[in-house]
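You will see chain A twice below: alongside chain B first, and alongside chain C after that.
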Partner chain A sequence: MLSIKNLHVKIDDKEILRGIDLKVKPGEVHAIMGPNGSGKSTLASVLAGNEMFEVSEGEVLFNGHDILDMAPEDRAREGLFLSFQYPVEIPGVSMVNFLRTSLNEIRKYRGQDPISASDFLKLMREKKKAG
Partner chain B sequence: MAMLEPKLAILDETDSGLDIDALRTVAYGVNKLKRPDNATILITHYQRLLEYIIPDYVHVLYHGRIVKTGGKELAHELEAKGYDWIKKEFEDR
Partner chain C sequence: MDNVIKNIIGRDVTLDGLFEENRSLIEGNSSSVMNALRSDAFEAFRRLGIPSNKVEDYKYTNLQPLFSGDYSLSLTPDTLVENVEDIFSCDVDTLDSITIFIVNGWYYARNKPDGLPDGVRIGSLAQLAKEDPSFLEKYYGKNAPYLSDGIVAMNTMFASDGFYIHIPRGVTVEKPIQIVNILMSEEPLMTNQRNLIVLEENSEARVMVCDHTLTSDKFVINNVTEGFVDRNARLDFYNLQNQHNATTQVAGFYIEQKEDSHVKTNNLTLHTGVGRNNITLKLAGTHAEGHTYGLYLLDKNQHVDNFSFIDHAVPDCFSDELFKGVLDDHATGAFTGKIMVRPDAQKTNAYQSNNNLLLTKDAKINTKPQLEIYADDVKCSHGATVGQLDEEAMFYLRTRGINREEATILLMYAFAYEVIEKIQVEPLREQIRTLVEKRFRGELDKCHSCVVCGQKGTGVSCM
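Up next is the complex of A and B:
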């Protein structure tokens, strides 16, 4: 599913990731631990497509696609998800609208019709019950 | 996450700033969404989250490299010994 090979990442000419190799298969849970400043969050940001970081070497394949040249939104459409440590709220955008827009972007990418507000709320209630 | 059904979810220190109850709620949600066709990467400082979400693999990142990989027992070892022994072992590389 995910294959990281010899990933090197720099920010302002400072090398933060110095050759990461990691393979994640479907069904697996991987934990990444390490002291402060070891590069944990940098790795997450680079996978999601944060442009602050410069990838100087290596490759990242996600479902067989090289995602390093893909925009963050296209990575998300392919099924990659990053939760933020400290999420920011966009004033005027409710969580429900935010989620529905995200879901509809993914549906559009898969060639499905957008989901209506009422169907979305119904789906949300069902998921909540199942959880 | 439940709504978007990602294939790969990366949780970046979701546990920081959460109390025990909130941590359990998050862990319950993550476990519930686990399927044979999706995967999760948990980024965490502490072993505590891994009491609730049992990882298949634990990787230790230090100075921009994965210096150690193990099972969930590696997380216990880190909790007991801290990171100093990792730093000592790998500081010149």
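Up next is the complex of A and C:
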């Protein structure tokens, strides 16, 4: 499902990842461990598509697609995204609005119709009960 | 100081020459109360002229070149054949309001403001000057600095009409009063509109002024609005500006507040060419509260300059200011927040904040807090920020599948929201919220001359 081959990553000419290989099959759960500064977050950020980092070598395939050339939003729409350790709080963006925009973007990507504000609220209430 | 040479449709004439030439026509159409100030205003104008950037208060907006060029002058009321209601559809049309129209600076003759509570008067200033001169005399020219500001002097020289609102003692007008300023002309046009808002003791009103251009000609607008808010009265004032790029508008709001009064102004510039707002609140009675807010959303080569002056003349008053701007392309902006705390004005609380978001390297903002504090027991704060979109927030949104354009809109909107949420009238806030979102999505493009204008450097038509 996810395959990382010989991944090298630089930030401002400083090499941080020096050849990572990793294969994740569907249904598997992996935990990556290591001391501070060993590049765990860098790996996660690169996979999510943070433009601060430069990939100098290697390839990453997700469901058979090369994702390194994709924009972060397209990776997310393909189903790969990063859960932030410290989620960014954006003053003025309400959670409902944010979630709905996000869902609609992904629906659009999949060729589905956008969901209306009232339907989305209904959906949210259902999910809340289920949880 | 030399006054600008102005071409009034094909011939060179100075503005003061123009005034002298048309004085009898202007005065003939007007009444004694308004005519009484014209000589002094004329003298002041000859001394001051149109403010250039050498005048400190106009440092970032040189009005002189903008007030020269080929224009006709709106000296007589328009005789419109069509109904304004038929040719104009309002962007906030679902708002349940008392609506009146002003066409090219003149009170539209077929206005019928109905549903007014007893004693409330809304109408034409020229008419008021004829019918109730003693009322107008008490207020006319009392707040607007027509002897020290050239642009106000010019307005006072030429002004013939505009709207007035009079809310008597103890009356609350629940519905918002909406004034729609419409500009439409077959040729470039200059207007001088004069307005008056009077709220007597314990009264309350919400006034919304919408500025629109309906034809693509160049417009130069010089508006002056004087406001008098008496004891314990409450005025919410909104100005929504949505004009095309060939518009120059100078709008002055000069409001005086008495004891325990509450005034809130909100200047929302959605689209214009060059805009200059002079917002003056004089806190002249103890425990008066003044709030001034503003939002300007600029792109291409628009320019907006908000100049606010909060005058704490007596003790125990409160003022709060928040102006926010989003500037794209080559847009430029300016903000001045002048706060005067006079020697006796102890226990003053005054807050001010100006935040700007620059989306490109070419956008520019000049922001200037200007606090003059002559009392020693006061609490004043000011802050100004200029920044770019937060890359981390942008990345976060993108990792949730929201593309860059959509994320930009979401972030700009989030930035602007702080000003919008200050609007207390719920339906109005919703309307403006939608308008701002439309504006960010580019669905509210007022720039009829865009085809010729394009970007910077392609002509003066779109200044």
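Note that the second predicted complex is superposed on the first by the 131 of 131 C-alpha atoms of A that agree within 3 Å, B and C clash if a C-alpha of one lies under 4 Å from a C-alpha of the other, contacts with A are read in each partner's own complex, and residues count from 1 in each chain.
Here, a residue touches a chain if its C-beta (ideal position, glycine included) is under 8 Å from a C-beta of that chain, and two chains touch if they have at least 3 such contacts.
Treat the numbers as computed from the prediction; the structure is a model and nothing was measured.
J.: A:Asn50 contacts which: chain B (first), chain C (second), both, neither?
T.: second
J.: According to the stated criteria, A:Leu82 is in contact with first (chain B), second (chain C), both, or neither; which is it?
T.: After superposition on chain A, A:Leu82 lies in contact with both partners, chain B and chain C.
J.: Counting only touches as set out at the top, which of chain B and chain C does A:Gly92 meet: first, second, both, neither?
T.: Only chain C is touched by A:Gly92; chain B is not.
J.: In the superposed arrangement, which partner chain does A:Met124 touch: chain B (first), chain C (second), both, or neither?
T.: So A:Met124 only meets chain B here.
J.: Any idea whether chain B or chain C touches more of chain A?
T.: B
J.: State whether A:Ala71 touches chain B only (first), chain C only (second), both chains, or neither.
T.: It touches chain C, and chain B stays clear.
J.: Give one of first, second, both or neither to describe whether A:Ser102 is in contact with chain B, with chain C, with both, or with none.
T.: A:Ser102: touches chain B and chain C.
J.: Shared contact residues on chain A for chain B and chain C?
T.: On chain A, the residues that contact chain B in one structure and chain C in the other are 48, 76, 81-82, 84, 102, 106.
J.: Taking the complex as given, what residues does chain C use to touch chain A?
T.: Against chain A, chain C makes touches at 390, 392-393, 395-404, 406-407, 410-411, 413-418.
J.: Quick check on the complex: what are the chain A residues that touch chain C?
T.: Touching chain C from chain A are residues 48-51, 71-73, 75-77, 81-82, 84, 87-88, 90-93, 97-98, 101-102, 105-106, 109.
J.: Across the complex, what residues on chain B touch chain A?
T.: 1-14, 16, 28-29, 32, 34-45, 47, 50, 53-66, 72, 75, 78, 83, 86-87
J.: Within the complex, which stretch of chain A touches chain B?
T.: Its residues touching chain B are 1-2, 9, 15-22, 24-36, 38-44, 47-48, 62-63, 76, 78-85, 99, 102-103, 106, 123-124, 127, 130-131.
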